[in-house]
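Below you will find the structure I want to go over with you.
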């Protein structure tokens, strides 16, 4: 979300009068953990691999870890991609899917997901001096 | 997601060849818990009231509980609304917002959020007979 | 967590020297959504009913909604109960379970889960005057 | 949770008669994202660094990523540690804290958080052959 005074003025007025016409945030970091339900086995690695392949094709910046996958970009793009991951698994035969999404947006600065880790690591590095 | 055999065939082909062109699910239940960060007080009730007013104006089906708010509708509509809640609070001066979203989609039946509670309550009611 | 000056002094010293000996919070509100993985069907209502029966027997204050169940009490009691819900379903044959827990603690006041909803509803009620 | 037939028999009986006496799972993977509320700035890196220092002192296996920190161990140990992270920040003056925890347990095999990533990466590696 741009924070120029003019745009802020417009957004504040819109927030008051027409909040359902507001744009979604222009940047966010979203981390999602997708769980297929009613699959024959307790393994989910095949489904998660399908998700990774879709993310790779999409061109979005992403990073998988053991408890989910983090993506960053405009709100609409991130949420559309996660929805497409649901659709992809549905198309592959998974009848029910539950995801947990942690999503953050901020207007004070642009911060990618790698910056967040670095900010903490910089603080911890000072401990060792 | 429609499950007619023809549409399923198209979606399966698309999932294989062009997954980034897949539609998002036509129905979902999304429960979100929004947390403003860097606000002067530990109270968040003013922000949550703003969210409720936006949801009311939007016309979506929603239900607030103590740990979040549940909405149901097409994936894109639900996720756009949650993004607009972020934008609304940003426009009101909150610089950083973190939300947790639990979102589920299924292809075997239409199930609204009230149906989910009822299915469990029906089972529990049998205990008392 | 008690906030008497004496206790706060002890806790601050402990936080600095022996953080792994700190007590857990004396009060929290925890909302959890439990998902069984690798079950034969996409329905989870039988498992959620089992969870509700355990909570009822436990005597804890709880409230089920469509996206989870909210409990309140001391941290250790709440987390032990959620762990027992996992063990209960494992004992019933579910091999894998994933839960999402939203848990909050605060030191400025005691606030139960019903108080949180009331604080927002009071604000919204003023709109109608 | 041990799955020897004898222990399973005991646990199943306990689940039926005395579920509130069940042990919590002997192993789990828990990923948590902790958010301080009502802090003067939108930055949370100082608080997250405090959390990392506590985890290091505890001796638990842990891994920080941009959307949280993953730990693995017995349920009670993991949940106690996350509670101590809340207490540590409370002792440091943060009045309110909200955490999102994704926690999984399974009885079919021991699987650490690194194994989960490896299982997916092994599948993706086959794509490149």
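Per-chain residue numbering starts at 1, and chain names A, B, C and D are given in the order in which the chains are listed.
We take it that contacts are C-beta pairs under 8 Å (C-beta built on N, C-alpha and C of every residue); 3 or more make two chains touch, one makes a residue touch a chain.
This is a predicted model, so every value here is computed, not measured.
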**OP:** Pick out whichever of the two, A-B or A-D, is joined by more C-beta pairs in contact.
**Re:** A-B
Original post:
Since subunit B and subunit C are copies that touch, is their contact same (over half of the numbers shared) or different (under half)?
Top reply: same
Original post:
Roughly how many whole angstrom separate the Cα centroids of subunit A and subunit C?
Top reply: 25
Subject >> Centre distance in Å when subunit A and subunit D are each reduced to the mean of their C-alpha atoms >> reply: 21
Subject >> Intercentroid distance (Cα basis), subunit B paired with subunit A, Å >> reply: 15
Subject >> Contacts with two or more other chains, residues of subunit D listed in rising order >> reply: 33, 37, 42-43, 53, 95-96, 98, 100, 102, 106, 108
Subject >> Residues of subunit A that touch subunit C when the two form their complex >> reply: 33, 35-44, 95-96, 98, 100
Original post:
For subunit B, which residues are in contact with subunit C within the complex?
Top reply: 29, 31, 33, 42-43, 45-46, 48-49, 52-53, 63-68, 70, 100, 102, 106, 108, 113-114, 116-117, 119-120, 122-124, 127
**OP:** Using the touch definition up top, name the residues of subunit A that touch subunit B in the complex.
**Re:** 1, 8, 11-12, 14-15, 19-20, 22-25, 28, 53-54, 57-58, 75-76, 79-81, 83-84, 86-88, 90-92, 95-108
